[in-house]
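See the structures that follow.
Across the two complexes that follow, subunit A remains constant while its partner is subunit B and subsequently subunit C.
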Partner chain A sequence: MSSVGIKGYAYSLNHVPEMGLHYGNTPYVERLTKGETEFLSKLPEHLQQYEDARDYAPNQAYIGGITLDEYETQPKPWYENRMTDAGRYGRYGEIMPEDEFLGLMDICDVFDIIWLERSFASVVREKLAKDPVITDKVLARLENGHDLDEINVEIEKHRALPLYFENNVVGCVRSGHEVDECLFPYVLLENLASKASAVLSVLHLLKNFDVDPGEIDFVIECSEEGAGDMNQRAGGNFAKAIAEIAGLVNSSGCDVRGFCAGPVNAMIAAASQVASGARKNCLVVAGGAVPKLYMNARDHVKKSMPALEDCLGSFAVLLVEDSGDSPVMRLDALGKHTVGAGASPQAVTSALVWDPLQKRGLTFNDVDKYAAELHTPEITLPAGAGDVPLANSKMIAALSVMKQQLEKKDMMDFVREKGLTGFAHTQGHIPSGVPYIGHACDAIREGKLNRVMIIGKGSLFLARLTNLSDGASFFIEKSSGTPAVGAVTKDDVKRLILEALGDIKDSLQ
Partner chain B sequence: MGKFAGKKLLLLGERDGVPAPAMEAVFQNSGAEVVFSVTECFV
Partner chain C sequence: MDLQNQQRIKDAAEKYNPEDLVVILGSSDAEGAEIYAETVANGDPTFAGPLAGVQLGLAVYHVFEEDVKSEADTAAWEEQISMMEMVLDPDSLAAAVAAMRKEYSRYSL
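On to the complex of A and B.
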């Protein structure tokens, strides 16, 4: 079987400005190493309210509040032209406010790591009860809360990290161990936030596509966090922990890592298991990254604009057998950035785009859209990191010219037609091609597109194990309309022989 | 040998732009010495 069906997808954001202010890596490290600097004193003035984040066009594009065609018509700069008709919920998920997210983190905590102040927990319970994906069973996991005095003792005497809402301490993240750095509060905060945001997208997928939680067979998680202890620093496993909270009682799971290339590699791993028949279905999921909150805020503050990196991103995609009625992910022509491919932009783009096109005898023009690194340009441009999706589209167009499939003068038309405007937060693995899967599948179902390519790239060199980067890619297209045929088994052969013998017998009679 | 001969180079690459190993390859026969080379990711 060379293709699997994409049955469902969900995308959510958690607006967490105060978590970012205190624990986003840029402000956190600056505070730790330099104290209260000018940047840190100015940053609070640049934080966005929940309504600002909700009404921000890229965020609405991410959760499916608007289509990408509608997104293209939104006036720029988006942060000065907020939408007036945006809601908390979109077709794919929601933008959850910070207080409710702290409650969701407590719901996802099975080791009493998160403590919430009693009255705060009570208010949050009422708010979360109104969220259509938070079931009574999920909500029952929320603790009743603790007295603020108890929380303050944890913070002052036991290294717990305070949790804030509206500038007040409303809870804390407790330490998981006396000496094990892997279980210190900052790491647990990061991991629980990633877990909780992932759970939110899983719950939206189950609801939006009417999937029975008990039907999920296997989960593959692909964030960039490391869960473990000092003997196995990133032993895992987020996938099963997420599945437990989401009620996926018949599933198991494992994690796939590869920096920002993790999600595309996880999609390939999941699809391969489904295609081989090893799993009936596979759910690919990732939550967000606390350290990346306000990663570029220093430049946003300098340029007197809002600090836009205030949301944790998450997604979930459900892969099933190709039954002919869902868009499919193809496995017969995957892009792979090999060790020997080289590091130049031309070499990388050749490996990820040209090679898979050649495998299938396709031209650059046979792909309607290329989705690589979908960072919101308003976040990255002020920081000097450029318009990342545009840069990637230009590289693909340039390669198309080199391969004599495009006239040089038509390059920018190619970029406009086949590229995408970024709409994802700078959450590392989250923007890496996968935010387009939902929009692409919708457009394919509606007959607006035939084929797209999803491309992920990962900065492996950041871990100081290799100088290499990585990348992977795959095609999504409309199903051929007939269920894919699996490998022929011995039983199939036996059945066919018996049927043939039966036919001969009938004809002889 | 061109204008880089005898120079010392610090190379800072970017993953979605030009990575450092690609720059190193460009300067390989320039007569310059690469004293530091790193690729970073700003997204």
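On to the complex of A and C.
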């Protein structure tokens, strides 16, 4: 079987400006190493309210509040042209406010790490009860909370990290160990936030596609966090922890890592398990990254614009056997950035785009859209990092020129036609191609597109293990309409041989 | 320019004769290229890294400058870099670095 069906997908954001202000890596490290600097004193003036984030066109594109065609018509700059008709919920998920997210983190905490203040917990319970994906069973995990005095003792005496809402301490993240740095509050905050945001997308997927939680067979998680202790620093396993809270009682799971290339590699791992028949279905999921909140805020503050990196991103995609009625992910022509391919953009683009096209005998023009590194350009441009999706589209167009499949003068037409405007938060693994899966599948179902390519790239060198980067890619397209054949059995082979022998016999006669 | 790269360049300038050192940039952004060039020639303008206040005066070029391109193996250039020549604006990148070099570098090729 060379293709699997994409049955469902979900995308959510958690708007967490105060978590970012205190624990996003840029402000957190600055505070730790330099104290209250000018940047830190100015940053609070640049934070966005929930409504600002909700009405921000890229965020609405991410959760499916608008289609990508509608997104293209939104006036820029988006942060000065907020949408007037945006809602909390989109076709794929929601933008959850910070207080409710702290509640969701408590729901996802099974080790009494998160403590919320009693009255705050009570208010949050009422709000979360109105969220259509938060079932009574999920909500029952929310604790009644603690007195503020108890929380303050944890913060002052046991190095718990305070959690804030509207500038007040409303809870804390407690330490998981006296000496193990892997279980200190900051690490646990990162991991629990990632877990909770992932759970939210899983819950939306189950609801939106009417999937029984008990039917999920296997979960592969692909964020960039590391869960473990000092004996096994990133031993895992987020996937099973997420599955537990989402009620996926018949599933198991494991984690796949690869920096920003993680999600595409996880999709390939999941699809391969479904295609081989090893799993009935596979859910690929990732939550967001607290350290990346306000990563570029220094430049946003300098340029007198809102600090836009205030949301945790998450997604979930459900892969099933190709039954002929869902768009399919192809496994017969994957892009792979090999060790020997070289690190230049040209080598990477060739490996990820040209090689799989050649493998299937396709031209650049046979793909309707290329989705790589879908960062919102308004976030990256002020920081000098350029328009990342535009740069990727230009690279593919330039390669197409080099392969003599496009005239140089038509490069920008190619970019306009086959490229995408970025709409994902700079959450590392989150922008890397996967945010387009939902929109692509919808457009394929509607007959607007036939084939797209999803591309992920990862900066492996950041871990100091290798100077290499990585990348992977795959095609999504319309199903052939015929259910794919499962793994070939001995009997299938026997039957085929007998048929062939029969044909030979007939031709000899 | 990140702090580790600043340290690497500072170490190299101490270990080798600065006259014999050339910094080749591959930045895709003219503004960024200017800052990198200024950093290795006149010191870190953000005063954040090891090159803050250190005027190494190194020769600095963008890879798209003719002086560098003409030294490159044609086949390797074609295989590794020519695609990016179409994607980026080589002239403005080259001009940005050349201007910084003229202003701050004590050495050149």
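The rule is simple: the second predicted complex is superposed on the first by the 489 of 509 C-alpha atoms of A that agree within 3 Å, B and C clash if a C-alpha of one lies under 4 Å from a C-alpha of the other, contacts with A are read in each partner's own complex, and residues count from 1 in each chain.
What we mean here is this: a residue touches a chain if its C-beta (ideal position, glycine included) is under 8 Å from a C-beta of that chain, and two chains touch if they have at least 3 such contacts.
Because the structure is predicted, anything quoted here is derived from the model rather than measured.
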Report task. Please indicate which partner A:384 is in contact with in the superposed arrangement: first for subunit B, second for subunit C, both, or neither. Result -> both
Query raised in the report: First (subunit B), second (subunit C), both or neither: which does A:431 touch?
Result: first
Requested in this report: Kindly classify A:411 by the partners it touches after superposition: subunit B alone (first), subunit C alone (second), both, or neither?
Outcome: second
Report task. May I ask you to decide whether A:469 touches subunit B, subunit C, both, or neither, giving the answer as first, second, both or neither? Result -> first
Report task. Report for A:76: first if it touches subunit B alone, second if subunit C alone, otherwise both or neither. Result -> neither
Query raised in the report: After lining up the shared chain so the two structures overlap, which partner does A:302 touch, if you call subunit B first and subunit C second: first, second, both or neither?
Result: neither
Query raised in the report: Which partner, subunit B or subunit C, is in contact with more residues of subunit A?
Result: B
Query raised in the report: A:495 contacts which: subunit B (first), subunit C (second), both, neither?
Result: neither
Requested in this report: Applying the touch criterion given at the start, work out whether A:342 contacts subunit B, subunit C, both or neither, answering first, second, both or neither.
Outcome: both
Report task. Examine A:373 and indicate which partner it touches, taking first as subunit B and second as subunit C; both and neither are also allowed. Result -> first
**Report entry** Residues of subunit A at both interfaces, subunit B in one complex, subunit C in the other
**Finding:** 342, 344-345, 347, 384-386, 391
Query raised in the report: Contact residues on subunit B for subunit A in the complex?
Result: 14-22, 25, 38-43
Report summary line: Touching subunit B in the complex, subunit A uses residues 259-260, 296, 342-345, 347, 373, 375, 380, 383-386, 388, 391-392, 426, 428, 431, 457, 459, 461-462, 467, 469
**Report entry** Complex interface listing, subunit A residues touching subunit C
**Finding:** 342, 344-347, 349, 384-386, 391, 394-395, 397-399, 401-402, 408, 411
Requested in this report: Note which residues of subunit C are touching subunit A in the complex, please.
Outcome: 28-29, 31-32, 79-84, 86-87
